[in-house]
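Here chain A shows up in two complexes: once beside chain B, once beside chain C.
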Partner chain A sequence: MSETTYPAGDTVTADHREPEIPVPPKRRRPRRRAGWWPFIVPAFILVAGFFTVPFLLNIRFAFTDWSGYSDVISFNGLDNFRSLIDQGILWQSIKVTLLYAVLAMLVQNAFSLSMALVLQRSDRINGFFRSFFFLPVLIAPVAAGYIWGAILAPHGPLNNFISLFSPGFDYAWLGHGTSALICLSFIDAWKWSGLVTLVYIAGLNSVPQPLIEAATIDGANPWQRFWRIRFPLLAPALTFTVVTTMLGAINAFDLVQATTRGGPGTATNVLNIAMFNQYGSGFFGSASSLNLVVTILVIVLGLPLITYLRRREVEA
Partner chain B sequence: MSAATKARRRTAARVTVLSLISLPWVVLPLWLLLVNSAKPLDEASLLQLGLPKTWALWDNYATVIDQGNYLQALLNSLLVVVPTIAVVVVLAAMAAWAYARSRSMTAKLAYNVTVLSIVLPPAILPTIYELQTLQLDGTRLGYFLVMAGTRMGTVVFLATGFIKTVPRDLEEAASIDGAGRVQIFVRIIFPLVVPVLLVGSVILIISTWNEFFFAQFLLHGSDTATLPLALFQFASASADQAVLNWNLIFAHVVLTSLPIVLVYLFVQRRIIPGLSAGALKG
Partner chain C sequence: MKLFVRAAAVAAVVGLGLAACSANNAGGGSDSGAPADGTAAVKAKELTIWSNSADAPYVRDAYKNFGQKFGVKINLVEAPADDLNWVPTRWASGDRPDILEYNATALFWSLNPAANMIDLSNMPYVKRSGDIYKNAGSFNGKVYAAITVGPGQFGMYYNRKVLADAGLGAPKTFADVENICTTLKQKAPGVSAIYEAGGSQFPAQIQIIDYLASVESQQGYSDQLLAKKAALDDPQGPFVAAVTEYKKLQTMGCFNGDATTAKTEASYKALADGKAALLPQNTSVLPQLTAVYSKDLAKTSAAIGWATPSATGATAAWSPSYNGTWYLPKTGKGDRESTALAFLQWITTDGYQAYLTQTQRFPALSGAQAAAPTGLVQEFTNSYAGPKALAVNSNLVGFSAQFPTIMTGVLSGQYTPLQAGELAQKALAQGAKAARMAGW
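Moving on, here comes the complex of A and B:
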């Protein structure tokens, strides 16, 4: 590659001021050499500088004793991981994260796919409800956490409703380990399903209509038509939503921080919350280690999931 | 005749089902939020769905604006979100055109690195380290750069996929007529990708306006806090008390969400079809 560097600070506005009539002798050579790079470099510098470089640095920081208590950062091997295991943080938070990711993925996809089937046809009524169900997507996860924290409170509206049938019901939904994790995955589904539903609708509408008509003529009932034809052909949409919802849930942070902060006990202590706590205590190296664990989980789960689901696409 | 009544009955059934789902799913949560943000504390802490017996609408919102750091946070959010969208949309469109047309292996590598940034989780501590080195830690500029860098991939990906489906004829014709790359980009490519960039901007608005994870690590203190962070700091400040200030928290939630909901109401007709078409390009 030629070493034609393009000034990164040069913005498009500068480019706009190109002379209207090209002046061949002046621009001949450098222009040829520059090729596509002036178009790529500005965007790439931002990605590389603020995503890729930190990402690579983290692989190193995860094995150092970087902390808020010393100015020296030195390599300490697996010490961070050992101490995280000794404190009972590592395995617990991996377990909670995985459980949460699977729950959130299942709830979100089951709900969104059902909604997509109801809202598939594009008419005025469905258009209205699609926009309406999209509203929670706009609300910040932190805000969603407070809204649902109130709804699920021991004396909140949900328990008030249940009390109509079972008077005095005051279960603390977010105060018990198992129900807290399940509730969090429902809130996550509430927040995102408006968007996931749209992806499923697009997928359903890409199924060729003649195929469904042919099956109807051959006597397939709606249930068969769905499972035998539409569902297999939904594979691309399914790949997209299953992977994004699952990987999104592995990165969970906002919602947990606004509701349980990892509690009760460590029941909802997902990796990112554990990382934030390490960071808050000044153990930056250990925080990096937990960040690396999130990365590994995403790669270990994401790649096979994508490969598996893609293979199903080809068969379909 | 009977087919028409059947269709009408089916529509009525569908509207009923959808209304029944939307009642607990969307209507009641938002109603709870709005109605309790207008109640005085003792009434709001009962978390009931009835209308306020005593209205404290003005008091609550004034308190939030006064003590919840709202105006500063609104300004901070705008100062981050608006430049992020402008910069990402323009730079991503440029890069996407190059990635879609260039056959160079280095460009392919750069594209793959960019796309990986969508899937892989960001590394937060080295980001802090880097911003400290650049003396940008805790500043809006640093936060903006991180937002742009971590959000760029999605828009590049969407736009590259789109440009690849566009035939090169127009560009070649313009090139023969003597147009330079910059001219071709400004006059032909950019207008073509605008619909995709709109979808991209929607994704960007939703993900940056509500961003909290990076904000909590990168923006310390209240001077630079964006809205979600200000909301969290405000709610946490009252968390130590015996009774949560639900009325004020709700008022803050309403004020934090209001700008993005207003934008949504304006562009909603374009967003929903755009998103359902664009989201599948993966």
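Moving on, here comes the complex of A and C:
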């Protein structure tokens, strides 16, 4: 005897209902309670005061000649952007920021996913290593920058170690544009991988075990089980980690400032460092322009990325 | 719900309005009316001073002595010596000390002195200062700084033994520097001719300042640049020539191997240990250098000498020192402003002789006798007494802040000398325009 469950929750046997006419479920509108809005006010004030208003004001200032040199603030159209392009700051910073963000995201996710696979099982040893790899997350980015600056110095510990195999090795890792950018991406990955690893472990643990067991019985090897079952089902975790690591890296500042200050030259001059330098030189309008570029970059990259990854979640 | 929407709309409008107003004020404090004519009295029990992590001991002693004499508690806030952005960024946030220790170059123009600083033009010390305020510490004809010690100079410290062992003397021109480099490569291959601390950014500009000192002295180069009679991006001009010489020295292998990442902290010991022959620096870092020799000036002077090579002959590039240069921000707190003015009055009158003696520098104000200079200080005095010019970047607004970054770009191979010139000219244009200089 089949049973039908109706929206109201009553269960009746099908034999006593003929002919059966499907009744569209009535959606009960949630009753609005009058006193809800005081709960939203604190959050609203914080978001409006510390995000919305500054953001709107920043848009305005991006098109003004606001500077520390004068009290007068005048609209100057696109002059700030022209000046930043002329000085080779704008495109260079966007390029460096994107390269840094993509590299940091790739390294972080590849490393963290590998670590999550190794440390997924909950036992005492894995617990120790999860904590161990989480330690860098607790270190201040500035401190991490100084530590790695010392490690990567031409006569620092890394080169001393390499010198055991290649005597006299004294490459300045942070002294060459390309290697400095790559090193920064790896430092960022080192700093945050512990956190991303935990997200992936949580994602892996949410994959239904019977699915894995069924695939094993059907003869799937470990790689096939990972690639065809676990990885697709990791989609929500992947969405979260890819988006947060990528957008987080676009907003990089403290780590870069402590390690290279955007140098050598402007080789690691990410947008926030360029903005800080403009601000420090008293060119507040230009700094606001760069801030606007960061915001636009986050939106332009973030929205399609999130849309794509969410769609992928549904498909998975 | 309607009430919430209305409240939100009102909050947004008020927030925008308040924020817009605060931006227009740019953090400027009001003038409390404390007399800036040498008659201000000590009225506050506490002062906050933004100092520098590389302060000379005599600066800290000046604060201590004033505090003890007048019962004023001094709160020191240290700015990192190699972070040019520290003061402007804090300043831009609206934060103000009672006394600001800062450069008297064009860097202070971005603090909008007309709106934010007490005009010190009528302080008695100004009349005893000669014509230094024509070049430093003033803006649009008004004096905002109190420069209390003789200017610092850019040049090169050298290790006497390293040069003597190779049969070399102190360099007078950059041709001499090239010769030192070539000779040391043959006779002392383990020694770097020049220690370049590019990792600290600031030192990377010093060789260019040195090179251009004679050009500044002979042509008034920086005035020509500000008047648009010369340009930093002129392929045949002095600036591109200076950067080309710098790049040539690097290509010749004259710099330390870690020039792009080395920090100033390591440079003093490298010079003292004879790992480098020449250290481009400023006279104001003498305390850091003597620290390597247990703060013993005689010992330091026996090992280290001072030279001022430039393009065509020994010429000192002088610049007002941040040590002993003070500004008084408008804070709107009358008692504190009055006390800060009293500090300037005291340090430039009753306290000046003892202070000057301790500085071991020549005076910036008349009416005091400098201690007889010895050792390196004597060398500084000699070089200042000889051919000299204002450091070329001092008043090149906008450019001076970007100069170190541009030079580390040259050092790392990112920019050619001509590209460096182009970037430098654009930075100057941005600054001159922001400062609303005539013709820009």
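What we mean here is this: the second predicted complex is superposed on the first by the 282 of 316 C-alpha atoms of A that agree within 3 Å, B and C clash if a C-alpha of one lies under 4 Å from a C-alpha of the other, contacts with A are read in each partner's own complex, and residues count from 1 in each chain.
One rule holds for everything that comes next: a contact is a pair of C-beta atoms (placed from the backbone, for glycine too) under 8 Å apart; a residue touches a chain by one contact, two chains touch by 3 or more.
All figures in this text were calculated on a predicted structure; none of them were measured in a lab.
A.B. asks: Once the shared chain is lined up, is A:284 touching chain B (first), chain C (second), both, or neither of them?
C.D. replies: both
A.B. asks: Counting only touches as set out at the top, which of chain B and chain C does A:98 meet: first, second, both, neither?
C.D. replies: neither
A.B. asks: Look at A:117 in the shared chain and tell me whether it touches chain B only, chain C only, both, or neither; answer first, second, both or neither.
C.D. replies: neither
A.B. asks: If you stack the two complexes on chain A, which partner ends up touching A:174: first (chain B), second (chain C), both, or neither?
C.D. replies: second
A.B. asks: So, does A:182 touch the first partner chain B, the second partner chain C, both, or neither?
C.D. replies: neither
A.B. asks: Regarding the shared-chain residue A:49, is it in contact with chain B (first), chain C (second), both, or neither?
C.D. replies: Both partners.
A.B. asks: Looking at the overlay, does A:215 come into contact with chain B only (first), chain C only (second), both, or neither?
C.D. replies: Touch partners of A:215: none, neither chain B nor chain C.
A.B. asks: Touch check for A:272: first (chain B), second (chain C), both, or neither?
C.D. replies: It touches chain B, and chain C stays clear.
A.B. asks: First (chain B), second (chain C), both or neither: which does A:295 touch?
C.D. replies: It touches chain B, and chain C stays clear.
A.B. asks: On chain A, which partner's contacts cover more residues, chain B's or chain C's?
C.D. replies: Greater contact footprint in residues on chain A: B.
A.B. asks: Taking the two structures together, which residues of chain A meet both chain B and chain C?
C.D. replies: Of chain A, residues 37, 40, 44, 48-49, 52-54, 57, 61, 66, 153, 155, 276, 279, 284 contact chain B in one complex and chain C in the other.
A.B. asks: Can you list the residues on chain C that touch chain A in the complex?
C.D. replies: 1, 3-4, 7-8, 11-12, 15-16, 19-20, 23-26, 28, 84-85, 88-89, 91-92, 109-112, 115, 198-199, 201, 257-261, 398, 401-402, 405-406, 408-415, 423, 426-427, 429-431, 433-436
A.B. asks: With touch defined as at the start, can you tell me which chain A residues reach chain C in the complex?
C.D. replies: So the residues of chain A in touch with chain C come to 37, 40-41, 44-45, 48-49, 52-54, 56-57, 61, 65-71, 73, 83, 86-88, 149, 153-155, 170, 172, 174-177, 261-267, 276-277, 279-284, 286.
A.B. asks: Tell me, which parts of chain A touch chain B in their complex?
C.D. replies: Going by the criterion above, the answer is residues 1, 12, 15-16, 18, 22, 27, 31, 35-40, 42-44, 46-55, 57-58, 61, 66, 115, 118-119, 125, 127, 129-143, 146-148, 150-151, 153, 155-157, 160, 190, 195, 198-199, 201-203, 205-206, 236-237, 240, 247, 250-251, 253-254, 257-258, 272, 275-276, 279, 284, 287-288, 291, 294-295, 298-299, 302.
A.B. asks: In the complex formed with chain A, which residues of chain B make contact?
C.D. replies: 11, 14-15, 17-18, 21-22, 25-26, 28-30, 32-33, 36, 46-49, 87, 90-92, 94-95, 97-99, 101-102, 104, 106-107, 110, 113-114, 116-117, 119-130, 145-146, 148-150, 152-153, 156, 178-183, 185-186, 206, 209-210, 212-213, 216-217, 227-228, 231-232, 235, 246, 249-250, 253, 256-257, 260-261, 264, 268, 271-272, 275-277, 279-280, 282
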